[in-house]
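Chain IDs A, B, C and D follow the sequence of writing; residue 1 opens each chain.
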Amino acid sequence: MSHLIDVQDLRVSYHSGGRVTEAVRGVSFHLQPGETLAIVGESGSGKTTVASALLGLLPTTARIDGGRLAVAGQDISHASERSKQRLRGRVVGLVPQDPMVSLNPTLSIGKQIGESLLLRHGKRYPGLDADVLELLEQVGIDNPALRAGQYPHELSGGMRQRVLIAIALAGEPQLIIADEPTSALDVTVQKRILDHLEQLVRARGIALVIITHDLGVAADRADRVLVMRQGEVVESGIAREVFSAPSHAYTRDLLAAAPAFGATPKPVPVETRGAAPLLEFDAVGKRFALPRGQHFQALQDLSLAVYPGQTLAIVGESGSGKSTSLRIALGLEQPSSGRVRFAGQEIGGLGWKQFRPLRQRMQLVQQNPFAALDPRFSVYQSVVEPLVSFGLLKGRELEQAARQLMEQVQLPASYLDRLPRELSGGQRQRVAIARALALKPDLLLLDEPVSALDVSVQAQILDLLRELQAELGVAYVLVSHDLAVVASLAHQVVVLKQGQVVEQGEARQVLEQPRERYTRELLEAVPGRRLAVA
Amino acid sequence: MRLQRTLASAAILLALGLTLPGCSPSQPDAQAASTLKIAFFSDNTQLVSIDPFQVYWIEHRVVLRNVVEALTDQDPQTGQIIPWLAERWEISPDAREYTFHLRKDVTFSNGEAFDAQAVKTAFDSNKAFAAELPSTFGATYLAGYDHAEILDPHTIKLVLSKPNAGFLQATSTTNLSILAPESYRKSAKERSLGAVIGSGPFKIEHYTPESGLKLVRREGYRWASANVQNKGDAHLSTIEVSYVPEESVRNGLFLQGKVDILWPRVPFSEVDLQLLQRNDATIQSRSLPGPAWNLYPNTRNERILADQQVRLAVQKAIDRKSYASTVYNEAFPVVDGVYDVTTPYFRSQGTKLAYDPQGAAKLLDDAGWTLGADNYRYKDGKRLSLVYNLAGKETPGDVLIQDQLRKLGIELKLKVQTTAEWAAANAAGNYDLTFTYMTRADPIILQTVLDPRSANSSTLATNTYAPAVLPLAQNLFDAGLTATTPEQRAQAYGQLQDLLIDQGSAIPVYERVWQAATSKRVQNFRWSAEGFAFLNDIEVKP
Amino acid sequence: MSRYLLGRIAQAALVLWGAYSITYLILYLLPGDPLSIMLSASGMEIDALSPEQLAKARAFYGLDQGLLERYVNLLLGVLQGDLGQSLTLNRPVTEILAERLPQTLALAGLAIVLSLIGGVGLAYLAAYVRWQPLKVFLARLPALGFSVPVFWMGLLLIQVFAFGLGWFPATGSVGFESLVLPAVTLAIPSAAVYAQVLQRGFIDVWREPYITTAFAKGLSRAQVQARHGLRNAALPLLTLIGLQVGNTVSGAVLVETIFARNGVGRLVQEAVLRQDIPLVLAVVTVSAAAFVLVNLLVDLLYPILDPRITHAPKVT
Amino acid sequence: MTVLQRLIPVAGDAAPWRPRRRLQRLFDQAGPLLRRPGFVVALILVLFTLVAALAPWLFTQVDPYATQPSAKLLPPSALHWFGTDELGRDLYTRVLYGARLSVEAALLAVGLALLSGLGLGIVSGFIGGRVDAVIMRIVDVLLALPGLLLALAIVTAIGFGTIPVAIAVGVGIIPGFARTTRAEVLRIKTLPYVEAARLGGASWTSTLLRHVLPNAWGPVAVLATLDIGAAILATAGLSFLGFGAEPPAAEWGTLIANGRHFLITAPWVSLLPGLFLVLVVFSLNHIARTFEEIQR
């Protein structure tokens, strides 16, 4: 048997509280040594369950109901813990999803890598220290001798992910499972790390299974892809073939929804000539005081203007100052320098009370729809809250307004009665948008509005936002790290890097003919480019 | 190397195994045989002191009885005063001058001689201390003492400024014991913590408050009083006293044989008694001289108990027989008077203390207290409710009385207080019923409780009597105090006891019997007149 | 670092002073005149004395000062290391404490050690065991541990281990053996708290992704638990140990009464009843100082156990 | 095509929307709980105790205070389920009547601590800054004072009896509530939905009342449930030291404490009330932990 992995008709279900959920329903695939396979799917597709099963690390509530799951020729579907343990590390390695929480915070990273080496080479392995340094160097960490003694919290996310790769490599496995390996990282970092991982794996002839929701990642990196949906494989094959000629409707839908592939809808152009800007930043800067008289310059010299009915996007990676600028616009932070005007009115030094009337015209849609709604409030309570706070409507009128808002965000009125936990992520974001629209604002500030959502849901929300703009003539300030999202919504783009403006201008011009190197880097880092370009 | 070590340890074990049986029967047992272990209940935490003059805590007086000695002793059977450190004495006809002829062979444990000067030092030091702290307990024994005259090295005359018929008995108590002059050179605080040097058969080795104390035998002791059978050195070499507040732990220690004498303040309950007897313990009992455990009413300020009929109804409503058998045991004596039976001049009150619910109900009905719907009695819309102040946690006995009174429609409110609050309430008269007791083998002790002129709490003493009765009682106290013949004393105290019961001014509840359980090892446990033990008579068998 | 330390010590001193003052205030509000207690202690009551005699007695006990005057004097004394004179025991408080404190320290010390061993051991076992009935049983055991009144547990232990089996002495203050039962009694509630918190810690840590990372390395369950689970799960425990100091003192009051041990706990209980203000103040100050000190130590120890926490500004 | 025209037709949308009742929501939440046998048993015991505390005469016809010397220290039997005490009173009845005082004291203590702790925690967490620093130092001081000593001092200061004991115990558990509330307020204060409410024009007060408090309530309620058990134990400890209810009424601690003298000769006098107390406290713990597990 030359298959490194051979999965036949695998069925896994979760049992908790008397309920049974079938997570994987008859999945079959195989993997050759040295091959790269991408398992693609949205949340709930069962892709993570498959990865856990391959590692023999299914949670105690999971049960393998049937099928065969062979790793390196050994069926581990009903194997003992001991035999599964022997496979882990030395046959199958793992690069986990979120590097921020996947390293033990109380052990130095050198020790954590060393642990894998000791498992591989035995307790008295003499080359331990040298190997740790070598691995750190190989995964691209500067100054390995210093880093080995540091703790995870002293490292950036990208570096932590590299350490995790080093840990996986230390066991010299035949297969590495990378579970959404870079979704928590900035795009440029994401690209560099994936490139690095790919190169390391290739050089050692290690097979790679990438678990991802991102079609772009799959398209760029995999030899073969497996598209999963609700526990079943809908399509599989050579990556290039699947993406160029998807046979299943779901794959087609996914491709259509993914902004990186082809037909991204473009924003409706808006005539702004002669109009007065709604929101205006004039050389705005923000300094935060640090202990011991030090300062941190979060934002420097930002000037921008948002016109009614238009979308301005602020793009940047973490630490770029894009959130700070949003908070300044909302009056949650005071600018250290420069002026901020809303509808001609200076809002820089306004107190909470003075700002309050303006809030009717300016609302925020937050990043994480899962935390943006009070878990105890019904949808109705959440949606009408601003109306109640401002005392605008009462009784039946309030109820009618709620129905209308639900219509606007395309949710059935019966959902008004639901609690947030009874809604999906996309539905929650619609509720959050409805709440923001309740006061009929002129300007909506969108803070990464779709980053927490699945690809197909992202597309729907973006559609909704575009339609609302056309319908209501509301202006948007969109803050995002995702250039594809920006491209589908923005008229104007500001690119920020470490608090400084890198590039600024018409969206078409900035995204299609970037003048600055950083902007180009950002664009290239968007997954799926390789395939799209090719 | 390793083997060597193993061999070595095996050898040590072997050696231990061989030597242990060889030495154990002789040495440790001989040591144990002359050590007596006593477990009392808790130490006095209010007044930390074993200075004989200050001590009222009877557990301390038990110990002191065997460390320090007095001029005279008292016969436990007859109550007669008999010679001890004084061979004989004369009392002047006006009972103001007491001339004591001292033994000449007595020394204190520090080597100092016992002589007239030592006695004078003792009495004068005590007088000085009483002047400084008039509240101290010994002051009542010393009442009336003016000065001492040394007639010769072994004859001393103690002169009183006013009559004190109890003075001779006072000279037999631990409180007026004669300490070595060295003790009086030390401060009262030092004496309180153990600097007590006496002429007794034992010496205090150390005293740790709330933990325990240790006595060791004094060699060359030759001057025991007639009460003691053993005229020479004590049989025991060591006595270890520990204070164990938890009853079940104390009992357990005794049952396990870790303690030879189990000596709690409160008599044994029936179940404990049976348990102890099943385990071959001997129960030693003696009524403590002094007032019985009485309740004292507050008859003033138009309180409910101002009505003599109500007081007498309470007197009849208490089932003393049932109290004795329920709270303690079937064999427990039923209280029969104001004093416990061991007090000289005790007079039985016979049927006056009998349980008579019908009589009580009739008295209450006649007094206008009628039963209400809730089975309590009411008069003019006011409930027959009596406040009974307790110093510390209630006992089962208190609750039993509460229920007995409830059956007659009298509500008894048990008010648990700290000793401080209790004392304050007594002084302020904020009570209907309260209690107090003192131990001394002379009826004069009642003056420290019920004679407003010399009582610890004059308010309590005054409140006990209806206004008209107070002078009568004081006359009787005076008659008892100034009496020069036993007959006069008997008459005065007899009348006083009758008066207190007939007036309902003292409501006896139970006889204050002191019980100790002694293990099979302990031989010849005997009580002194005041309810203490002659520890130099005790022997322990292996 | 030193600046942090100074601030932290100042804060500790402030807390100590607060504890002292609150206690003084409460004690001063106690009903009844301390004099009448002391007089009644020696068999005499206050109404039996003439005013001159009263004044004399008041001066004898040093009670002729006002509320504030006495407070200031006591506080000044404390600052000079003099805790004053016990009103009823006739001795300097420092002397009494020197005599009683070792007893309680030994008891509390052993109890803390036992409770840690017991609590951590139980939680560790509960986290390791996978047979569900046993796991559930072990998980519920701590709740039982602090559902039982301390004094009752003490009496039961005495009945079983002292009187029934005869393994340990029931009372006494001599030797290590007499320390075992009281320390176990005192340790049980704390151990239960530790076990429960640690169990919760294990449950939380067990869900952490780094545990998956550790498993994926090929470590066995026991290795994962020992190397990656325990330390992270035990971090909340450290704070708790500091907080348990107060409970241990409270427990000592009961335990020392039951086991007839001569420690500070019993001393202070009786001192409260006697209104021996200097003595109570001293004991409260000492136990508050212990509390503050232990918590200070915990704070300083934290960075060693958890590298994420640092009191020094980061040097980058 | 306007947004309005693009309405997704959903079955049942035509039916007028009516808000679900709170009660119904409660039932929806309680459903899974009632399937746990341990929880149900614990709940029944606690409810039984509560009812007994309100109306003990429902479960027993005997007078709890009537002494009967002839029937003293009888072992448990069909007539006397828990046996009788040293004065012949029925212990089962006394335990039920004792529930009244114990539960009252515990609820009072926890209520007091809850109110003041909640107040302190909210003020501290919400206002922050100096106020926070001062309040937290006060809480530290309360923490530094050993609970039982504090309670002893308070009880001697304000007198014996159920209510003073409850106050004393309550003061001792204030710090826990203050700290928990503060931590929760601080956590929830920064959550996006609170920010959203503020940006939606809500005042701090209404944000506090509508968002922060209801969401902070969970852990505090768990703590309260746990502390009812702790308060019962603390009261028992004080009764053991002699600071209990006014006799002849006896709360559980007094029953256990009084019965301890008969541990060798009549163990049930102490053991059965003790067992009952342990079971109630254990049940409260179990309920609290179950709630906690659901909240996660």
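As a convention for this text, a residue touches a chain if its C-beta (ideal position, glycine included) is under 8 Å from a C-beta of that chain, and two chains touch if they have at least 3 such contacts.
The model shown is predicted, which means the values in this text are computed figures rather than measured ones.
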| item | value |
| --- | --- |
| Chain pair, B-D or C-D, that carries the greater number of C-beta contacts | C-D |
| Core chain by centroid distance, with centroids computed from Cα atoms only | C |
| Averaged-CA centre spacing for the pair chain C and chain A, given as whole angstrom | 49 |
| Separation of mean Cα positions, chain D and chain C [Å, integer] | 24 |
| Gap in Å, rounded to a whole number, between the CA centres of chain B and chain A | 86 |
| Touching two or more other chains - residue numbers and ranges from chain A | none |
| Two or more partner chains touched - positions in chain B | 246, 248, 252, 255, 418 |
| Residues within chain D bordering two or more other chains | 156, 260, 263-264 |
| Every chain pair in contact, whichever chains are involved | A-C, A-D, B-C, B-D, C-D |
| Complex interface listing, chain C residues touching chain B | 30-34, 36-37, 39-49, 53, 56-57, 60, 88-91, 155, 158-159, 162-163, 166, 169-173, 257-260, 262, 266-267, 270, 273-275 |
| Chain A residues within the chain D interface of the complex | 17-18, 330, 332, 356, 359-360, 363-364, 366-368, 371-378, 380, 382, 385-386, 389-390, 403, 407-408, 410, 412-414, 416-417, 419, 432, 435, 438-439, 467-468, 471 |
| Residues on chain C engaged by chain A in the complex (per definition of touch) | 130, 208-210, 212-221, 227-228, 231-232, 235, 305-308, 313 |
| Residues on chain A engaged by chain C in the complex (per definition of touch) | 55, 57, 60, 81-82, 85-90, 92-94, 96-98, 101-108, 115-116, 119, 151, 153, 164, 167-168, 170-171, 291-292 |
| Chain D to chain A touching residues, read off their complex | 2-4, 6-8, 10, 12-13, 15, 17-20, 25, 32, 35, 191-193, 195-197, 199-203, 206, 210-211, 214-215 |
